[in-house]
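In structure tokens below, several structures.
One chain, chain A, links the two complexes that follow: it is found with chain B in the first and with chain C in the second.
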Partner chain A sequence: MAKKTSKGGDAQIEEVTLTIDGQEVTVPEGTTLLQAAQGVGTEVPHYCYHPGLSSPAMCRLCLVEVEGAPKLLASCTTTVAEGQVVLTQSEEATRMRRGVLEFYLLNHPLDCPICDQSGECDLQDYVFAEGREHGRGRDAKRVLGRDDFGGDVLFYGDRCVMCTRCVRFMDEIEENPLLTVVERGNRSVIDTFFEEGLDQAAWGGNVVDICPVGALVSKDFLHKARAWDLEHTPSICPNCSQGCNIELHTRDNLVHRMKPRANLEVNGHWICDYGRGRYEWLNRGDRLEAPVMFTESGNRAMGWKAALEALKARIDDVAEHSVKAIVSPFWSNEDLGAVARLVESLGGGVVFRSPQADEEIPLSGYEGLARRKGLAPNERGAELLGCVRVGDKAGQGGVDDFADHEGVVLVLGDSLDDQLERFAPNAALVVYLGAYTSSALASADFQFPVTTFAEQEGTFTNHVGRVQRFWPALKGPGAARPAWLVLGALLAALQDEEGPSRAEQAFSLVVDSVESYEGLSYESIGAGGGPTGEPVPLAGD
Partner chain B sequence: MGYPYSHEREVPIISKYFGDPEARTLKGCKARGGYEALEKALKMSPENVVEIVKASGLRGRGGAGFPTGLKWSFMPKDRSKPHYLLCNADESEPGTFKDRELLRWVPHQLIEGCVIGAYAMGAEHVYIYCRGEFFEATQVLAKAVEDAYEAGILGDDVLGSGQKIDVTVFAGAGAYICGEETGLMNSLEGRRGEPRVKPPFPAAVGAFGMPTTINNVETLAAIPHIVENGAEWYRQWGSEKSPGTKLFCVSGHVKRPGNYELPLGFPLKDLIYDVCGGMIGDRALKAVIPGGSSVPFLSAEEAEDCALCYEGVIEAGSMLGCASVIVMDENTDIVHQVMRMASFYAHESCGQCTPCREGTAWVTTILKRILDGRGTEDDLDTLIEVTEQMTGTTICVLSDSVAAPVQSSIQKFRDEYLALIRRGERVGAA
Partner chain C sequence: MAINTKVIQRPDPRRISYLRAAFKGMALTLRHMLSPKTVTQQYPEEQTELSPRWRGTHVMEVHADGRPKCVACGLCPTVCPANCIRLVGGEDDQGNRYPIVFEIDEFRCIFCGMCQEVCPVEAIHMGRDFENSEYTRDRFVYDLDRLMQQDHPSALLWDPADPAGE
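After this line comes the complex of A and B, so read on.
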């Protein structure tokens, strides 16, 4: 099991040198042949092996030839030995794998045209790579039909290759064995226990991800898109402070699903059902699309240049410069950092509100992974940037003091849906940078459209202080721009300097101003993220 | 005594008291010399017992024929973890019925063998895994174990030696695959009866994750006699590589089918025509399966000079297996017989490994189609290739077991297949 292991172990791990398809390779003792082959760029076909689960060696597809062994060996469980000569592509190995693939197709319905897995299916890929050109099956196929496994999971028995990854996930990782194999021989089928299904699981959606074929599919995604039409963008799950690495799968500028992206330091290969199911808000239509200035004759849309000039002029005009700002922890470090810098230059303070759950939902078989109580992705980032948490567990209230403030009020991201009256009526100047329209801020002096995390490049800092990057998966609506770009331009105009034009520059400004980010850069944290200084518990945890 | 038949050429050692109801009881067994070997063994060192078994050349009677003494010596000497001895009484191979009789008639002989084995390997607990359908045999054995506990033969102080050895009788649920040693261990532990990936081997990680040795009933039943009389005594029968006597389960078209204990190396021809009284109706012999349904067929010519020992049957083109001799006369429909075997294995496949799960069922389907007169000549090539794909590609050897009869029957009785294919007609009346 791929659990987190301490890096500074005392045990000395021996290195082993072997030859795989003529290439010499040196790997640590205990590495399997399959992993060693992956190291030299050879993918041995496999179903039952999954890096996050135990290996039962039962799919028999990863057979390779090892010189001196009396028969082919399952490369997923055979470990390397010094001087071993492994042939993954020998005639015998490819012949036998072709044979095993033929067995898989014997009762497979070949319903690829209506199967959601089509295009990302290991059975399609392996048969295309190594299978027979024509099948020899002439007899009627076994028909098992479709079953509702509960939760978001549908089971198409006929497509199943019986790799039992799903059974092992529930057993070993969620440690809630809700799935099992019933019957034996070719009557074997994956099933739930009577009426108990995956609706009792909190991480059950992962079985869809690890299913190598279209046997387990998502009800939510059912027939929504073809796999080859989807674009995959590496991102961070925005639905709690764990910071699970994900991919956003998009088509036509809409998010269609979220899939886990492997990161052994954070979430392994898994994400929770809570996070997975909450992506629709990224597709919301009620967006701000153009900068708007409030005038006597009502709201007036304008271009960015004119809007920023007008805002600068207003800031120069107001007598009381002190800023009270409220930000949303769903916005990136770069965005929050730009607010912090502006507030620092004008004087004032920043608060944030963040929804909290009552309970964590841990994944018992994977240390350090849970749906956290903090339900916003960048709570820690907000705290490290000096923002003060206010409000209740629902992420509401706590902003009464804004009513009396007579200086500048700045709102980033938080659309203040709990505020029924006009927000900050006594302020000299109210600026709202947001993605969504807000009734409390409908008569703000300025409303600027900004992009969400899914529409821009940036970073979140997770609950233990790990800074992780995400990339733009969607195109922001209309004139929406990243908040760091807008505020950076404003600050640059106020101070007569040049503002950041790339997210990387915006991040380096954050690094410069926050001590615990010292030494970090986009390059150094890469796609997997990097830790800040000493992790401290979140105030809300 | 013999059961149901006996013959003067038999060498009754382990089957001596078949059919003798008194030998079942502890009193009757002791009157016949029972548990004397155990007393002798307890006075020896465990290593000494292993040495005697090694010297006797006794080979595992479950089918693979692995030297028993060598297997015992694989058990780690480090006694910090519990060691287990398992007795495989899940006799399920079609054509095999020797262990059932050993359990029914001489249960104390088996218990004695188990206790000696446990003593030799430092195992404190023996599990006897009985086939689920063996209701009577399991009851007889359970009663014998109860009596042995009462008499102080089992328990915390075996025959006053201070040695602690427990025996548990465990009834399976009736699955062929639980007779595979690691499938048996999974079943014993309460899991699905699915064979495990080896390595690790049972001597390192076996039942309950502990060092384990697993022996067949007939193997353990021979142990008391070997310990009692010595290795040389046992070697007076059989050949250099296959010493001793063996129970042969003869079924099929012979006049007197049944269990016969014969020295290894006994001529197959004599077994059929002398010991079993010849073919029913004196019809001609067509084929013999010498070792249970999972070994290749021998044609009548191959059976002619076959000696029934491990190496002799291999020389003839098959395997001795568990010495279950299935005799088929000239009226036998070979294709039908092969289909029945294949459908047995398709039914009993645990379903883990793809080649076995899908292959056994596919082979059965093709054979049924050929029998229905809807086969083609291509089907024979497909059968050969499919069974090749099923050989050596799985965790256990169940799928290899289908390959043997299918391939050997197509090689040796191709004409019968072709006749069905070409004329759509069946050869026999089966």
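After this line comes the complex of A and C, so read on.
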């Protein structure tokens, strides 16, 4: 068989053809058997292998039969060779894996009912798929109890299968080796160094994600929900401008945790502890639920149609049309774009305030990944839409000039918690589109409930201008609607034309107004984000 | 003759007698009255003997120290086809996982017994009891304390000597 070559970047990458379980597959040279098998849809059981880490081939679970080899080979470290014939499901390979799994269960407690990993546990899955029906162990199991590793991490020593993924993560990726294996042989156990725990690590929460069993569990999530009850929605981390790809795990319309979603171009397989721990604000209860109009007798709740008609009538009445708008960079491009369009048609300007951290928290072993200084997910998107940054590092102040403004004041998302008095008292018309109640805006002429990013479809633009999509994970409260829908309907009424009815249409209006977004659409961005347009490689785990 | 009219030919009254049939019926009644064999059960003075597999009101088993055996694994609310179990897990002061909230809505329950079958620690059981009437509807939502206080025997869904049915 002749070797084929293909161009990948500048270097010439040799391609190799081999047969896995009877299926012929062509992969680049240097691919491991395990990755090649994943490519044809065969999952070889593994613990120590993780796509983001080195492979020490110590779990001995990914053994496969290769024709011509004297014994079974660890597929996570064996690279492909031309004409190789690999059997992952042969009698010999499954017999060996069954034996290895039996060894794992010698000391693994069968406490699945009280284990948080239950339902997403690799040991559970593999034993169910390939293990023995009944254990033959006669000796008592080793009992180690549990240990607080610091930070958000709790260690259940009995459940550990010694894959050392956590040790290698701290070593290779975080480059802060706070975990190690102590003792030897069947007495070996993962431990911290004396009193130095993971509270000194800024990315230590990732060891919980990569642990294939329930040995490392999150204190925050402990006993909170069962894995099979949670719904997973792809989203973007809202806690800094890096734009890490995440999954929101929800149940009963509440976010229970955030997990990283693999995207090798942004965050690899990792997210920081800072972002991971800040999801509670998505579950806040003090939400606006119905459109409210301020009248002489107080606030009056009303339906959307009546509220928008009343607002349109008020805008037509206002003598000075110029709009001063303040937006929150926690809202999507679609929402900010709708504000920008409205301001453009009536005249005026848009500002935004955004909290800033003093320094970045980089992940040393993964280039381009850090907790950024900008602590809002869509700062770059706001800037690209022509919004001007005001205020201090805490995301406060900078709005004193609103007090003298006599035209229209529009607030999106920013609940102005630092403003103690009534906001913009001289304005002819104050409109607040927000998710949360605000004391400074309690007597605004109109208060419209809008959805947060977790409750709508949309996009964020990260610090390097990469546009990434998120999907609705929660149901918005009451009559809350996406801001782009509300403002689009208002703008449509003012200009006598049709507004966007789908997020995709709202995004195409944003694309029209920002030069660097040219050619982007929801379809071309996909789940991985643009504007690179390159398909994101699929990564296991 | 008008449409839809049917003329019934009555039998000759001289040739029929209702008397014989009446006596026949009375004789049967009398025979049953005097017979020693009774069919009617005098509930509630007399109670039926329930099958050991009878599935009635739930029982939560308790440890010797009074804690519930439940470890809040979440399998019973998952398997429950009527969705009548509400469970919130937590950790007690000894570090054990336990149910903070465990409620069964006996109105919603269809008494299928799957919660007992799925329980890995044999905590929740169907009980051999059906007399669970109440004066108010909200009393039918049994909380953990109430389930632990149920003192009737629990159902045997399988033979204890041969649990796998082999």
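Definition applied: the second predicted complex is superposed on the first by the 522 of 541 C-alpha atoms of A that agree within 3 Å, B and C clash if a C-alpha of one lies under 4 Å from a C-alpha of the other, contacts with A are read in each partner's own complex, and residues count from 1 in each chain.
The working rule: contacts are C-beta pairs under 8 Å (C-beta built on N, C-alpha and C of every residue); 3 or more make two chains touch, one makes a residue touch a chain.
Nothing here was measured: the structure is a model prediction, and the numbers come from that model.
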item	value
Contacts of A:Asp229 with chain B and chain C, given as first, second, both or neither	second
Partner chain(s) touched by A:Val64 [first = chain B, second = chain C, both, neither]	neither
First, second, both or neither for A:Leu308, with chain B first and chain C second	neither
Which superposed partner A:Asn186 touches (first chain B, second chain C, both, neither)	first
Greater residue coverage of chain A in the superposed arrangement, chain B or chain C	B
Contact residues common to both interfaces of chain A (with chain B and with chain C)	none
Contact footprint of chain A on chain B as seen in their complex	175, 177, 192, 197, 346-355, 357-362, 365-366, 369, 378, 382, 385-386, 388-389, 392-395
Complex interface listing, chain C residues touching chain A	71-75, 78, 89-91, 95-97, 120-121
Contact set on chain A toward chain B in their complex	56-61, 63, 70-72, 74, 77, 96, 99-100, 102-104, 106-107, 136-139, 161-162, 181, 183-188
Residues of chain A touching chain C in the complex	112-114, 118, 146, 222-224, 226, 228-229
